[in-house]
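Notes follow the structure.
Letters A, B, C, D, E and F mark the chains as written, and numbering starts fresh at 1 in each.
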Amino acid sequence: MKMHDAKRIEIIIEAIMERRLTDILIAAGVTGFSVLPVKGGSGRTGQWSRAGQISRAEGMVAVVCLIKPERLDILLEAIFPVLDRHIGVVNITDAKVLRVEMF
Amino acid sequence: MKSVDTLSGDHPLDMILSLAATNLLSPIILCFVLGVVAALARSDLSFPEAVAKGMSLYLLFAIGFKGGASIADHGVDARLLASLLAGVVLSAGLPFVAFGLLRVVTKLSVLDAAAVAAHYGSISIVTFVAATSILQAQGIASEGYMVAVAAAMEAPAIVSALWLLSRTGSDARSMDSALMREILLNGSIVLLVGSFAIGWITGNDGLREIAPFITAPFKGVLCLFLLDMGLVAGRGLMRAKGVISGRVVLFGLMMPLIGASAGLLAASLLGLSLGGTVLLMTLSASASYIAVPAAMRVALPEANPAVYLTLSLGITFPFNLVLGIPLYVAVASAVMGG
Amino acid sequence: MKSVDTLSGDHPLDMILSLAATNLLSPIILCFVLGVVAALARSDLSFPEAVAKGMSLYLLFAIGFKGGASIADHGVDARLLASLLAGVVLSAGLPFVAFGLLRVVTKLSVLDAAAVAAHYGSISIVTFVAATSILQAQGIASEGYMVAVAAAMEAPAIVSALWLLSRTGSDARSMDSALMREILLNGSIVLLVGSFAIGWITGNDGLREIAPFITAPFKGVLCLFLLDMGLVAGRGLMRAKGVISGRVVLFGLMMPLIGASAGLLAASLLGLSLGGTVLLMTLSASASYIAVPAAMRVALPEANPAVYLTLSLGITFPFNLVLGIPLYVAVASAVMGG
Amino acid sequence: MKSVDTLSGDHPLDMILSLAATNLLSPIILCFVLGVVAALARSDLSFPEAVAKGMSLYLLFAIGFKGGASIADHGVDARLLASLLAGVVLSAGLPFVAFGLLRVVTKLSVLDAAAVAAHYGSISIVTFVAATSILQAQGIASEGYMVAVAAAMEAPAIVSALWLLSRTGSDARSMDSALMREILLNGSIVLLVGSFAIGWITGNDGLREIAPFITAPFKGVLCLFLLDMGLVAGRGLMRAKGVISGRVVLFGLMMPLIGASAGLLAASLLGLSLGGTVLLMTLSASASYIAVPAAMRVALPEANPAVYLTLSLGITFPFNLVLGIPLYVAVASAVMGG
Amino acid sequence: MKMHDAKRIEIIIEAIMERRLTDILIAAGVTGFSVLPVKGGSGRTGQWSRAGQISRAEGMVAVVCLIKPERLDILLEAIFPVLDRHIGVVNITDAKVLRVEMF
Amino acid sequence: MKMHDAKRIEIIIEAIMERRLTDILIAAGVTGFSVLPVKGGSGRTGQWSRAGQISRAEGMVAVVCLIKPERLDILLEAIFPVLDRHIGVVNITDAKVLRVEMF
């Protein structure tokens, strides 16, 4: 089956910043992404878990975004201001996708 | 459970102790204690996030609706507007006191101190709910619109804290309009104010229709919710070991007393009832756990959440719940010559 | 709240307005409005998916059980079977009307028109629940088996719409057996029919045992649930800006009236009570929001969900809830010479 | 529903059948059956995990609290300690019986047999809750502290099973302290014992405050919860086709009877009331579904969970719920010369 | 530690199609996969979120599947009919796994 | 934008073992990870779903961990004892990360 090169970007960011991040993605023309829940984790600021929590201050989400390789820099530059002062890790992997017309 | 009448003859200290004991042995407090103990013992008891959120939505809806319905019943008190204003002033003013106290007593950075100050100007709606429940168990009535005062006290403290920070030098943080809207339209405020309005509009007819849902099981839900809060608070305390100094803990115990005093003063000026006075004291004494932490993550991401979350949920919330509220009842009764 | 007796002397229009006003000021409608307003104001108020699902399971269980228990009580009416049949006919027939209307009034493609038509033949169980609650508040009784009629009306419309589509040329979509089973055994139907059966079997003894769970708090849960529906509907409307033309909106307001008229006719032929007539009108006027959209995603993935979801939840649901149901009560009362 | 008095004159077998029929037609059993049927019919009806967990937390809290409050009311019975001890002995002893029986009747490996044995020594709290509800419907009182006995019976069986395994040769599995703490402080035990303690401390005053939450809607919640359990059990059965042999199923039907007999013996020695006897029989007859499976995954990961989960939830749980409990009521009534 | 080549396939597909997809995977002999919840996202058909939703029409799930590289084509061909007319994105990345016997 | 090499390790493990795994990660100095819920799946031991479940015996979580490439072996050796007798699959992909100071 014919496959096409793509980049898979996974942005793990504070839940409270989700809306700001996705607004910026859409503004930058990156309209394809999926948001996955994260239920706990650990980092330099310690461990956390969403169990029983009602506060929105703690907690992350994972935004997964598949794009054409040539658009990676646009995306990274767009999200930088949101990530800058905020908690969040970004990883990029090389991927193949089917149906390139969708990205 | 002793009613306030049988208590009122006692010496204030006796009364405080007696109220504290009664309070300590009530199901809602024992549930909170169970949660803390289970967390410290590292039990895996936990509530799903969705259930915790569902219970908090229920409590906000119920408390808002009942507040609104009671206004519809008793008519709008002339003091309503004055009380709202007093709430705004308390919320905007207390961060200055908290900030000064923190800078004197603790070694927190300006940034962390400002973030903590915002929490103590604002309010904890769960503490408020617990106080209404304790008042009700003792047969003490209060102004229904105190719910609206609670809502009015959520946000002003955040503005004060950011202003404080911009003045004390470090880089200025103007609130952008997105943040402002987020704070003013945050879910808990909208639900509280909205259900207050619905209670007001539909009045006692409305209340009668849904009382079996929002009145009868209320205290039981509060029990389970406080059990969950105990679990979260206990786990937070375990994680915060080392983050929080003794001086910071001290602040977390002193500041509620200062806040309560300010609330008492304001209540006397307003001429609130005994119940209303206790509630305004409780609101002023309490520290935000929902709205302000979220706003601080957005506006002051470099401030350490472990400090303000631990202080607000781990120190001040249990203090108010277990000792503070009975103390405020006793003091208010004594002052008002009950 | 005025009872229907005090209303029945009025002029029909007065009565409609009075009922609409009463309805508009009831807690359940105000909660829905609060949700819509909060969504449009971009508040972050939201219910966890699990809580929304939990409330909908509760409502289905309660409404099914009570319907079944009331049959056990009153005995099976000779009209039960006829009513079920009438429901199936309405559900299977209305898509043809809807499809024709859509092709005339709007510019929707054949595919989108067929998908929308399926929704309007089928029913919205939440609208049905709201109607029972409004009837009950006005002291109007209805046939308990209307719950079974609601269940019977879920699926036939889907078959009609797919048949329509295959006939009008575009590529044929036969329902595969997997889809057929999914539709007939979809969770809401099974829960509704199952709890109806349990209510029937256990009768009033069963009802008495669990009434404090399914009767007393019912209306309060419905309030919170409609608040959530308001949030979802409001957010859907915001996202649908531009997707839905004025003519499509017009369809979303006309079709319920056509459906209600068909329901009224059927109810007269069946000789249903006033309450039963209102419920059959409401069912016919309502558009599916749970079963049909899911079936359309499977069977007609190319149809645009923004069109049918917005129409069903964003236009027709609020219309029925706020204006439609009181209108149906008024018209049914007038026609039946109440 | 017939009360036990009207039944007591009958012949034991008549009584069993009559009780079984009454039981079978109660809403809680019918709800369970509905769940199983829906699952076997491959309906997509399902409860969100958070809602299922929320209901189980509610049931544990309610049953614990009411047990504790009833002790506060009736005073501590001299039999409390003896009953706790008897529970521990039953829980520790029954795994030996189960293990022996499994090795004789089935072809399960030593490892799987030990894992299953642990489940049958321990208890199913949902079965216990259902039994209290059935007793209550028949007006049969029981000792409030049976809740504490239930909690005491959770863990000892695990120790026995691991000991058995280490003795029968295969590689030794000493319980590490982490596992031990996990088992003893597992969420359900902590919530059950904790709410029992709170009920005891706050007594009837406490109960009165939260009765509209933990008493009135209890049975209705149990209905929905058993519906969910039916769905999960039904789905488990479908997946387990082929995993479970006829002989293993036989064990799952015999072992509850053996357990119940041991419970009956212990109850006679202790001199428990009719209700208490039925509950101890039920506890002994039931197999763990929450605590032990989790412990087995940690301690004996090579044992096949499909075997013990299917046996416990798919075979023994429905057996006890539908036939076992009425049988235990009948036998206990007969033996105690009711 | 010895590692083996594998492919990591991530299929983000409509929740309503989950059962059909996993049935097809199992029928094709791909018995190892995990399904992760997705709580929101955006694509050509607009933005969505599961918050407060009871309808099953909107919403996606992420099916993660680790397989031996040589079985990739079998998998892709098997799932194609399900994906064809339906919303869904597939990405494939090169991965290493421990314990090759498990795949 | 400057990017740095990293490894993305994804450990899908029984929920009941989550605490043991994360304790071991932290003890091994791997303090950065995120835990994502898994709602169902299939493997050699059959299919499962968390829908309506209260038992903790069934169910998995996905632990995602970004680390510097040179630390991969430390991590794998640390988690091996937890994985050994337990259900769980591990996959490792080459990734790029921003802000290397965070790992």
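Basically, contacts are C-beta pairs under 8 Å (C-beta built on N, C-alpha and C of every residue); 3 or more make two chains touch, one makes a residue touch a chain.
Since this is a predicted model, take the numbers as computed values, not measurements.
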| item | value |
| --- | --- |
| Third chains touching both chain F and chain E | A |
| Least hop count linking chain C to chain D through chains in contact | 1 |
| Same vs different contact residues, chain A with chain F, by half of numbers used | different |
| Per Cα centroids, the chain farthest from chain E | B |
| Computed distance of Cα centres, chain E from chain D, in Å | 39 |
| Centroid distance [mean C-alpha coordinates] between chain E and chain C, Å | 35 |
| Chain C-chain F separation of Cα centroids, rounded to whole Å | 46 |
| Sites on chain B at which at least two other chains make contact | 44, 46-51, 53-54, 212, 216-217 |
| Junction residues of chain F - those touching two or more other chains | 36-37, 39, 47, 93-94 |
| Those chain pairs that satisfy the touch definition | A-B, A-E, A-F, B-C, B-D, C-D, C-E, D-F, E-F |
| Interface residues, chain E side, partner chain C - complex | 14, 16-17, 20, 39, 45-47, 49-58, 85-87 |
| Sites on chain D touched by chain F in the complex | 46-49, 51-53, 56, 178, 228, 231-232, 235, 239, 289-290, 293-294, 296-298, 301-302, 304-306, 309, 313 |
| Interface residues, chain B side, partner chain D - complex | 1, 25-27, 30-31, 34, 37-38, 41-51, 54, 137, 212, 216-221, 223-224, 227 |
| Residue ranges of chain E touching chain F (in the complex, touch as defined) | 1, 3, 6, 8, 22, 25-26, 31-37, 61, 64, 66, 93-99, 102 |
| In the complex, chain F residues that touch chain E | 10, 12, 36-44, 47, 60, 62, 73, 76-77, 80, 83, 89-94 |
